[in-house]
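Look for subunit A in each of the two complexes below; its partner is subunit B in the first and subunit C in the second.
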Partner chain A sequence: MLMKLSYLLLAGLTNGSVYGLIGLSLSIIYGSSRVINFAQGEFVMLGAMSAVLFMVTLALPWPVAMLAMLAVVVIAALALDYGVYRPLIRRKAAPLTIMIGTLAGAIIVYGLAFLIWGPDQRYVPPVLSLEPIRIGFLITNPQQISLIVIFVVFLLATWYILYRTRFGLSVRATGVNPRVALLMGIRSERIVQFSFIFSAFISGVAGMMVGPLLGGHVGMGLLLTVKGFMAAILGGLGSPFAAAAGGLAIGMMEALMAGFGTSLYAEPAIFVLILLVLIVRPYGLLGDYEAERR
Partner chain B sequence: MLRLETIVAGYNKSIALDGVSIDIPAGTIVSVVGANGAGKSTIVNTISRLVSTYSGTIRFDGRDITGSKPAEVVELGIVQVPEGRQLFAPLTVEENLRLGFHRLAGKPDSAQKYRERLDYVLDLFPIMKQRIGQRAGTMSGGEQQMVAVSRALMAEPKLLMLDEPSLGLAPMIVDQIFDILAKLRKDGLTILLVEQHADEALALADYGYVMAVGKVRAEGPGNDLRDTPALHQSYLGKVVA
Partner chain C sequence: MLARPRPEAPRAPTIVPVLCILALGLALPLVLTSGFHIRLAMLVWIYAILCMGFNLLYGYSGQISLGQPAFYAIGAYAFGMLQVMLGWSPVLAFLGSLALVAVLSLLIGLPLLRLRTHYLAMATLAFMLIQNGVANRWIEFTGGQSGIAVPPLQWGGEPIGRTGIYYIVLALAAAVLLLHDLLIRSHLGRAMQAIRDDETAAQALGVRVTRYKLRVLVLSGVMAAVAGVCFGFTSLRVDPSLSEFHVLVSMLTIAVVGGLGTRFGPIVGAVIVVVLPQLLTQFGELETVVYGLFILLFLLFLPHGLAGVLERRDWFARRSSSPRMASRTRELEREPS
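Coming up: the complex of A and B.
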C-alpha cells in the first residue's frame, strides 16, 4: 500500500513537473503581457521533436543537440513575438485578440512540424539514462529525476529573476500597466520579448526531458497547453509559482486517481475539482491580486 | 528648456492640438489651463511621445526630439506624472519608487544615488516613510498622488510634467502638492503643470497658457492671466474670435 502510494506520488511528481513547467512558462508570458499563449505546448513539442531531429536523424552529441533545440524554440518564440504579438499590440488589440493570434500561431507551428515529422509517434532519445536505479525502496531513472530537478531549478531561477532583480521588477511593472512602464523609461516590448524567449526556453527543455518518458508526436502540443493552462488557472495565473504548484497538484491528482480508481475518470474528476476550487477562489488556490491589471 | 513649435498632433488621424506653440524656460513653472477636452493632456503625452505629431517640432535644450521614442524622452530627463496617478497598484510603494529610478539605475554609483533620491522624496513627503512597504493601490488618493510625484522625482528629472495632479483630491491635499511644486522650483526644477483648476495653477506659475479646443487662446505671466476674458471663455465654451 505504502509502496503503491509512493510510486504513484513519484509518477505524479514527474507529470506534475511537466505541467508545472508549462504552467510556469504560461504565467511568465501572462505576467508581462496579460496574454495566455496558446502556442506554449508547441514549444514543448518542438523541444521533443528537435531532440528526434538532432539526436536521432542527425546523430549529434546531446550538448550540441540541446543548443540546436534551444535555437529552434527561440526562433519559434521570436516568430510568435514579431508575427503575432507586436503587430497586434501596436494596433492596440485586446489581450483576448492576441490570445486567438497565438492559437493561430500554434496551428501554424503544428502544420509545419507535421510536414517535417509526419503524424507518427516518434522515439525521443533520452538525454540521460532510462536504466532503472533504486533510491531507498523507490525505483526510478536518471531522466525522471533530472526532470524534477530541472523543474525546481527553473522555478528558483524564475523567482530570483522576478523578485530579486531590477529587470524582474520591470517585467512585473509591464504586466501591471505597459503604458505607465513606458513612462518610467522601460521598453515594454523588449520585456515581453524576453518573456516569450525565456518561457520558450523552459518549455523546450521540458519537451526534451519529457519526450523519452511520454513519447513524442507533432500533435502533443495542444493537450500540453491545456494541461499547463489548467495548472496555471488552478494555482493562480498571477504568480508563476502558483501556476507551477497547480501543475504539481494536477499531476498528483491524475496519478492518484488513475492508481486508486480508473484513469477513465481521472480527467473529468480533475476538471470538476478545478471548477470547485475556482468557485470558491476565483483567483486560483494561491493567486493574489497582482493578477489584476491596475 | 523645452519648446513646442506649432505642433499639430492627435489620435487616429483626428487633431487634438492645432498649431500649439509653448515655451518652457529652465527653472520656471509653466501652467497650461483650460476646460476638459481642450487638449491639455495631449500636450503632456505629445512631449512624452505617446501621441503622434503630424507637423511641428519639439525641442529639448535646442535638440529636436520629435522623432524620439517614449523611453528615450525619459532618458533625457523629461518625466511625467500621469493623469489619475497611475501607480503600479499591486506593487509596494518602494517598488513604485524603484521603477521611477529606472532612468538612473544600472550606472556605476547607482546604489548610492538611489539612497540620495529616496531620502530626497521621503524628506518632501515624510508620510511615505510609514507606507514604504504597503501596496500602492491600498492608499488614499492623496497619498497615491504623493507617491506618483515621488516616483517621477526618483528619476531626477530635468523637466517634470504633471497632468491634472489635483484630480479627485481634497483641496487641502491639492494645496500641499502645489506647495511642494513651489519648493521644487526653488530647488531649480523646471515644471510643466497642466490643470483644470485654473486659478491655483496660474497663481503658482511664472507663465501660463489658456487652451480651448486644441489651440492656445491666451498666454502671459501667470497672475495676469487669472482675469483675462479668454480664460472665462475657455471654460464657458465660447470660441474666441
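Coming up: the complex of A and C.
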C-alpha cells in the first residue's frame, strides 16, 4: 500500500514537474505582458523534436544538441514576440485578442514542424540513461530524476531573478503597470521580450527531457499547452510559483486518480476538479495576489 | 450643419441587408448543383449559427466562452439520442436538446460568470475538455470514438432530399440571424455593449449585469445547440470530433476574420472559413501554415474583420479613432495590459 502510494507519488512528481515547468513559463509571460501564450506547448514540442533532429539525424553530442535546440526555441520565441505580440500591442489589441494571435502563432509553428518532421511518432533519444536505478525501494531512472531536478532548479532561478535582482524588480514592475514602468525608465518591451525568451528556454529544456518519456510527435504541443494552462489557472496565474505548484498538484492528482480510481476517467475528472476549484476560488488556489490588484 | 457623432450601437439600421443575405441563401441551391457544394453551403450556415451565439457572447457582451463547441456537441448528441433511445419525433428531440442545453448552460453559467477574462476562458475550455473526454470514454452511452447514428429526417414516410435539408438548415439559420439582429439593434444589445465596455459603469446606469450575462450565455449556448442539431441531421452521425479543438479554432477564426461585435461578421467569416480550406488544398502541405498566417494577418490589419470594413459607413471621411476604438482603448488603459 505504502509502496504503491510512493510509486504513484513519484510518477505524479515527474509528470507534475513537466506541467509545472509549462505552467511556470506561461505565468512568466503572463506576469510581464498579461498575455496567455497559446504557443507554449509548441515550444516544448520544438524542444523534443529538435532533440530528434540534432541528436539522431545530425548525430551531435548532447551538449551541442542542447545549445542548438535552445537556439531553435529562442528563435521561435523572438518570432512570436516580433511577429505577434509587438504588432498587436502597438495596435492596442485586447488581451484576449492577443491570445488568439498566439493561437495563430501556434498553428504556424505546428504547420512548419509538420513540414519538417511529418505526422509520425519519433523516437527521442534520452540525454541521460533510461537504465533503472533504485532509490530505497523505488525504481526510477536518471531521466525522470533529472526532470524533477530541472524543475527545482528553474523554480529557484526564477525566484532569484524575480526577487533578488534589480532586473527582476523591473520585470515585476512591468507586470504591475507597464505604463508607469515605462515612465520610470524601464523598457517594457525589452522586459516582455526577455520573458518570452526565458519561458521558451524553460519549455524547450522541459521538452528535451520529457521527449524520451512521452515520445516525440508534432501534435504533442496542444495537450501540453492545455495542461500548462490548467496548472497555471489552478494555482493562480499571477505568480510563477503558484502556477508551478498547480502543475505539481495536477500531476499528483492524475497519478493518484489513475492508481486508485479509474485511469480511463482520470483526465476528465481532473478538469472537473479544476472547474470546482475555480468556482470556489475564482483566481486560483494561491491567487490572492492578483485579485488584490484589481 | 455639423455631422453628429455616430452612435456606437447601430440604432435603427434597416433590416434590408438581413433580407438580402437570406434571399441569397434561398437562391443558392439554384446555382449550386453538385451535392458537395450544397454540403459546403449547409456547413457555412451551421458555422454561422454557432458563431452568432459566440458573437453575442464575446463580441457584444465581452464574456469569452471557449466552451461553445461543447454545447454544439451536446445539442447534436441530444438530438440523436432522444430519437434513438427514447423514440421522440425529430421536432420534439430538437426542442428537447435545446431545453437540455439551456438548463446546462444556466447551471454552468451561474458559478462561472463570476470569473473574468483568462480565467473564464480557461474554465469554459475545461468544460469543453470534460464534455469531449466523456463523449470519447463513455462508450456504452455515447458510442465512443465512432459516435452515434442520427436517423434521417422524414416527410410523409420518405427521407427528405439534400435540397430539402438545406432549406431546413436555412430556415433555422434565418431564425437565428433575425434574432441576432433584433437583439443587437434593441436596448438589450446596448446593455450588452455597456457591460462589455465597463461593467461597473453599466451597473451604475441600471443594467442588471449578472442577469444579462446569464441570459446571453444561455442564448449563445442554445444557438450552439441549434447548430449542433443542424449538423446532426445533415451528416447523420455525431461523434466526439464535434467538440475537438479544430471546431474551437474554426469558431475563433470566424470571429476574427468576420469581425467581432459586428452584425454580419459571423456570416462573412463562416463563408471564408468553410470555403478557404477548399482553396488552400492547392498549397498542399503548407496548408496549416497558410491558415495560421491568414488568421494573424487579419488580426493585425483588419482587427474588426471583413464585416467591420463593410459596416464602416464613413469610408471616405476616416476619423483617427472611431468610438468603438476609443472605448477599447479605455478598456486597455484601465486594465494593466
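One rule holds in what follows: the second predicted complex is superposed on the first by the 289 of 294 C-alpha atoms of A that agree within 3 Å, B and C clash if a C-alpha of one lies under 4 Å from a C-alpha of the other, contacts with A are read in each partner's own complex, and residues count from 1 in each chain.
We adopt the following convention: a residue touches a chain if its C-beta (ideal position, glycine included) is under 8 Å from a C-beta of that chain, and two chains touch if they have at least 3 such contacts.
Remember, it's a predicted structure, so these values are computed and weren't measured experimentally.
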{"item": "Subunit B versus subunit C as contact partner of A:172, first or second or both or neither", "value": "first"}
{"item": "Which of subunit B and subunit C A:182 touches, first, second, both or neither", "value": "first"}
{"item": "First, second, both or neither for A:104, with subunit B first and subunit C second", "value": "second"}
{"item": "Partner chain in contact with A:60 - subunit B first, subunit C second, else both or neither", "value": "neither"}
{"item": "Partner chain(s) touched by A:258 [first = subunit B, second = subunit C, both, neither]", "value": "neither"}
{"item": "Which of subunit B and subunit C A:214 touches, first, second, both or neither", "value": "neither"}
{"item": "Residue contacts with subunit A in the superposition, subunit B compared against subunit C", "value": "C"}
{"item": "First, second, both or neither for A:89, with subunit B first and subunit C second", "value": "second"}
{"item": "Set of subunit A residues, in rising order, touched by both subunit B and subunit C", "value": "176-177, 179"}
{"item": "Complex contacts: residues of subunit A adjacent to subunit C", "value": "30, 34, 36, 83-84, 87-89, 91-97, 99-101, 103-108, 110-112, 114-115, 175-179, 222, 226, 229-230, 233, 237, 264-265, 267-268, 271-272, 274-275, 278-279, 282-284, 293"}
{"item": "Of subunit B, residues touching subunit A in the complex", "value": "48, 50, 70-71, 74-75, 79-80, 82, 86, 88-91, 95, 98-100, 102-103, 105-106, 137, 151, 155"}
{"item": "Complex contact set, residues of subunit C against subunit A", "value": "58, 64, 111-112, 114-119, 121-123, 125-127, 129-130, 133-134, 137, 245, 249, 252, 256, 285-293, 295-296, 299-300, 303, 325, 328-329, 331-333, 335-337"}
{"item": "Parts of subunit A lying in touch with subunit B, wherever the complex brings them together", "value": "166, 169-170, 172-173, 176-177, 179-187, 288-290, 292, 294"}
